[in-house]
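Have a look at these structures, which come just after this line.
You will see two complexes here that share subunit A, one where it goes with subunit B and one where it goes with subunit C.
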Partner chain A sequence: MWHSQALACKKLSKFQPIQFYNNESGTYELLPFNFDKVSDDRYVITNLVGEYLTIDSKSLQDIVNHELSPTNNLYSKLRSKQFIREPDEAYPIELLALKLRTRFARLANFTNLHIFVVTLRCDHSCPYCQVSRQSEDKASFDMTTEMADKSLAMVFRSPSPAIKIEFQGGEPLLNFEMIKYVVTTAKKLNAVHQRNLAFVIATTLSLITEEILVFCKEHNIVISTSLDGPEDLHNANRPRPNKDSYQRFIDGLQKTRAILGYNQVSALMTTTDKSLPRVKDIIDEYLKLGFKGIFLRPLSPYGFAIKTRKFMSYNTERWLEFYKEGLDYIIQLNKNGIEFSEYYSALVLKKMMTSSDPGYVDLMNPAGIGIAAIVFNYDGNVYASDESRMLAEMGDSTFLLGNVLTNTYEEIILSDKLLDALDESFTLSAPMCSECAFEIYCGAEPVYHHAIHKDFLARKPESEFCKRNMTTFKHLINIMEDDSERKSLFIDWANKC
Partner chain B sequence: MHNLVVIFDERIYSVLTLQKAAYRFISYFACNFSLTENQIQCEIESTGNMTLEAFNAKVHDFKKEVLDQHLREKIRVETDDIRNLILSVAFSSTGLQKVE
Partner chain C sequence: MLKLGGKVIEIQNDNSPNSKLYSVSTNPNLPLVLRKQKAFLIQSEDIPEGFSHYIFFDSTSSLTNKTPSNSTYTVLTDDFSYLGHDDVIRISSTKNNARVLFRAKASNNSFLITEQCNHYCLMCSQPPKVIDDSYIIEETFELITLLPKWTKEIGFTGGEPTLFGQRFLELLRHTQSQLPNTGIHILSNGRTFKDIHYAKQYAEISHFDMMVGIPIYSSDPAKHDYIVQAKGAFDETIRGILNLKRFNQKVEIRVVIHKQSIDGLVELCEFIGRNLLFVDHVALMGLEMMGFTRANLETLWIDPYDYKDTLSEAVKLLNTYGITTSVYNHQLCLVNKDVLPFYRKSISDWKNEYAIECNGCKKQSECGGFFSSGIKHGYSSNLKPFL
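This part shows the complex of A and B:
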């Protein structure tokens, strides 16, 4: 009786005895991984799905030379993250394949973000503006219904189950009638297409009215706005004729939150030379106004930022100081019980700690241009990204893919201009990137590299994009490895992202 | 402008390993490689304005980078096949490609 019960238990057991997992031969095989130094005697190893571990140089040598003992604590960590496998084990291959598919799942969905530039007119004259703006009364810089209809027809050619339409400008609210037209027409079309349709308006809020907000509420449109810091900094960065940019922002924010809901509006900031000594003031301003986080981002080398040489007013090292100081301050705020995130770090941490890709266009490989985001300009031109149309405003039409009036969807999406940029910038076959430990967290960014180096790929040792991201990745890893409390906070950010 | 010749043993390091290491220092110096019997000769020439001290420090870093690149090469050689296997398993039935 006892024997048959024991036998039944043994058959039902879901688990193997501990001896089953002993590696008696002591041999193991390497699975593909890259490594890089993150501090004096600390290396990070990463595999092709983004799992990472930090180890010292002796351990790295031991791993590669097959001298690591199965009894070493590191051994089980390496197995659990698929850096090594024991002979004939199949599950590490299956797990790596599954995680890889998950990470690249967005590719099959194709373009999600569709940017509609409904006007180039603007009521602001920001010196760093990345889009050349025109005065408010030039209707020739407005999108027409014909352009909008043709653009919408192309939007719904994307196979993506989720379609986001973002209205940009200039100041898109100066052509609010066109926003209304696009939203209502898109919803009619979607009755047939049945996608998960979402709308965003990117606005300074200076022209927001109750009538506009009622429409936004009715159609679930969310607002993305700009806040550069305290009143004096915001007004200096974003000049208006009456020097009232900040006050209009505050009034608009209150109205928007009252009608749409508190969390239906998010804000972005741009770092100018005036911002650099004031990162704490900027973060305090975001806190004061009830935002739950901030996106610390540098100026992009496009549009008026180049024309006014604002882009050259600080270098990557200075921006990294600004970022690190801001990140330290935000971490301290959280230690003091104030919940607040830094969104760029959160995006990177999401890539480091999960198999998901948050879909941030700058950190995608293949590059996100065209295949993750696409721009329909007011004049019917179609660009590979928002930065691409900014370049075109400077006279460089490298990423102009076609025009909705004269080209088909196939001609635009399969244009050599897009495919060459995607192909030539692909990081897994790029010198230095292909063996970089941070490749899986980084992006191809052909538009940036073309703008600065006149080359989709560029020499990465000379790329400020590479330097900025490498430093950021190493900084985040070192913070986590030095302090478990900070690591817990970062895990929280990654999960929320 | 500073110049230096560094010799590597061909039986230990591949030219590809040295080239990859040199590429990482492309903004500091240029390298010309030549092969003699069992030796890879690397002529290093600084670019731009560098002090001799800074140049020597970069050459020192370059030699350390060669060791890292050598290790990377060992990993690559051992894992190339399995990497291809993982990629083929990952994307074998995604529907991304049409079968004619």
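This part shows the complex of A and C:
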């Protein structure tokens, strides 16, 4: 039965061997890609939609010299990631176009994150803080209802289908009445605008009360807070009059989780020189308190961070050591069965391992200033980003786009200040960025580069932003190419992010 | 295995040269006006008048003399005794055979509408023929009108159904009109949809629940083209999928796992995650030991036991990318535990069997088992019953 049937099939069939389907001419076209060396004989090639492959130098030469054989294993990998195509193939271009459109879809949506600085007053006096004031003078540092109304009118001018309003300070809870006013007014306006409206309060939790939390629960407001590490480190980084910052944070965290739910509060950390030897302690603190991950974040060079020289207290190399040590520890945690993410890596990995963009303002091109996030300050001033208002507090108003009391939305959004910064920092036309293998993972950072180099673009070999990110990208690629278990974990982070 | 078609014992009084479709009824109290469109299934000596046809089995053939006058009848072998109310059967007097086309009790009924195909897949279970078989699709138009209106889902398969072009779209519109509450699943290689106008016309049918299941066997175009034995197929299939999704149509990707597709399976899943994230479902399917598979067994056969870790990795990757994933046509004892949330009992009931090794297995009721063809022509030597 078996044999007779098989013979019958053979008679009517003319199955061709796989060689028949290989490219006979041996010619292929290169599709656009960049490359860089990531370790001794490992090169990474990347394309404009973030696909990457690591290869050795000989393979790289073979590829560009059109000498790669269709039977080479690498040949099919290059095809399926759209690094090369065979003559007459149409799908690679369609896929590239589709993925590129997806990457840049956010541009059409325009501004999503709207930061409301409801007060500059604060109950903490952190040495690295850029903007806060220890003042009882409400009139000078609080947002008024008039400014809030004008700001909200501008918020809803953004065409974005999703609008996020984030309350910052100072300590925004010191002006909770204004938070209430903005939330209720925004919801009234949204009855007409019908956007996907979300609210976040960035607070130390030191002043959180049940009354505030009940309001948050009613309006689905989530909490973003700060945790710098174990008690001694947290208290040293974040001084309060009674040296009780940590204890107040713990109490506030418990209250918040009890009323809003465990996952409605996330924490951010700031790395000071005191943090540097203690990355494991810091991560353990996050673990102990039940957080699912940590955002390892260097100090930004703004405001008091420059003024108090805190920023200069460690260099990029030292930061990278801290980051790598922390990342290594977190990977080890996962290998031991503890699910825990490092969020900065996850943002980068999302760009590397998926075709979507995480929408992270510091890693965007064109830059996210104004067009992804915008700041409405307590005094009616509109800034291109959170860092922009910090610069302004230092006396540099380069990114002050206007004032809600005196300027129209068009004047603010179409101001030369904003457009020039976006235009001049655009990485795809920037020297060294445009041919950089990591351009697609990186971002234009005009505010940083202006603050440090007095130039939206700056010379990249001198840029610590460039150095820090390039090292991070190479490190992530190297460690996942060395170990498939790590790669699997990274794909998981990328998709959760 | 249920016998769906075969020779009949006797066909009486039917002078029509063509085959006829009948909707089967077991209801002796059916209003007279409705009996004319139905064949009555004899289950007792009580034979009501007025049906257009009567169906007997070998075991009830002694009653044929009680057939109402002016009516025709057929005697089927007892293999067909599963027939029930609302089933549809084709009876062909010239060929002296019958075929059950629709079973009301089956959760899913698929209709083959052509044996022609522009692929020649190494593992095709329904080897294509180069013939004019357009009578099949024409008959399907009539078949659709006989199906019960409550039918949940039907499938159209081939061959390649879209080779009929406009006529296939007409069949879909006809089905939508006749069966407005019935979901439609189409098995196609997707290449016809590379024509954006065709994809647009398909989308304009605006069906509430219609999906195309399209095979991709490798992210390496040469490998895919080899498996389907058609140059340029990968290029057209991908463009077809993109066009369908451009018009928001539901698309499922079907991957048959065998020795040629297993090597690149993980890469294929990554390719889907990065390029086709918007597909509605991915099915990873075991090999059916039918048709060409048996001619190409050396090239295709790999014991599922030997690829179970690769299957786990593939499923994990698809799930990580957030893609709805199912594993079809596999046996419970040959997959790792992490596959279980995605495991489906998927083999159509009429061709679903278990092996001798499965005797006494406690999980048989949860297990998908085998295609009948697998039991007959070969299966894994690593079966391990759960005892």
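Definition applied: the second predicted complex is superposed on the first by the 470 of 497 C-alpha atoms of A that agree within 3 Å, B and C clash if a C-alpha of one lies under 4 Å from a C-alpha of the other, contacts with A are read in each partner's own complex, and residues count from 1 in each chain.
The rule we apply is simple: a contact is a pair of C-beta atoms (placed from the backbone, for glycine too) under 8 Å apart; a residue touches a chain by one contact, two chains touch by 3 or more.
What you are looking at is a predicted structure, and each value in this text was computed from that prediction instead of being measured.
Looking at the shared chain after the overlay, A:E94 reaches both subunit B and subunit C.
Contacts of A:Q16 after superposition on the shared chain: subunit C is touched, whereas subunit B is not.
More residues of subunit A lie in touch with C than with the remaining chain of the pair subunit B and subunit C.
In the superposition on chain A, A:S80 makes contact with subunit C only, not with subunit B.
By the touch criterion stated above, A:T184 is placed in contact with neither subunit B nor subunit C.
When the two structures are aligned on the shared chain, A:L107 is found in touch with subunit B, with no touch to subunit C. Once chain A of one complex is fitted onto chain A of the other, the partner contacts of A:Q332 are absent, as it touches neither subunit B nor subunit C.
In the superposition on chain A, A:S488 makes contact with subunit C only, not with subunit B. Shared-chain residue A:F33: touches subunit B; no touch with subunit C. On subunit A, the surface touched by subunit B in one complex and the surface touched by subunit C in the other have residues 94, 98 in common. Subunit A contributes residues 29-35, 37, 48, 60-61, 64, 93-94, 96-98, 100-101, 104, 107-108, 431-432, 435, 459, 461-462 to its touches with subunit B in the complex. Of all the residues in subunit B, the ones that touch subunit A in their complex are 20, 23-27, 68, 71-72, 74-76, 78-80, 82-83, 85-87, 89-91, 94-96. Across the complex, subunit A is touched by residues 120, 122, 127, 219-223, 225-226, 229, 231-232, 234-235, 238-239, 242, 264, 267, 271, 273-275, 277, 291-292, 294-297, 316-317, 320-322, 377 of subunit C. Here subunit A touches subunit C in the complex through residues 2, 5-6, 9-10, 12-13, 15-18, 20-23, 51, 70, 76-77, 79-80, 86, 88-91, 94-95, 98-99, 354-356, 488, 491-492, 495, going by the rule given at the top.
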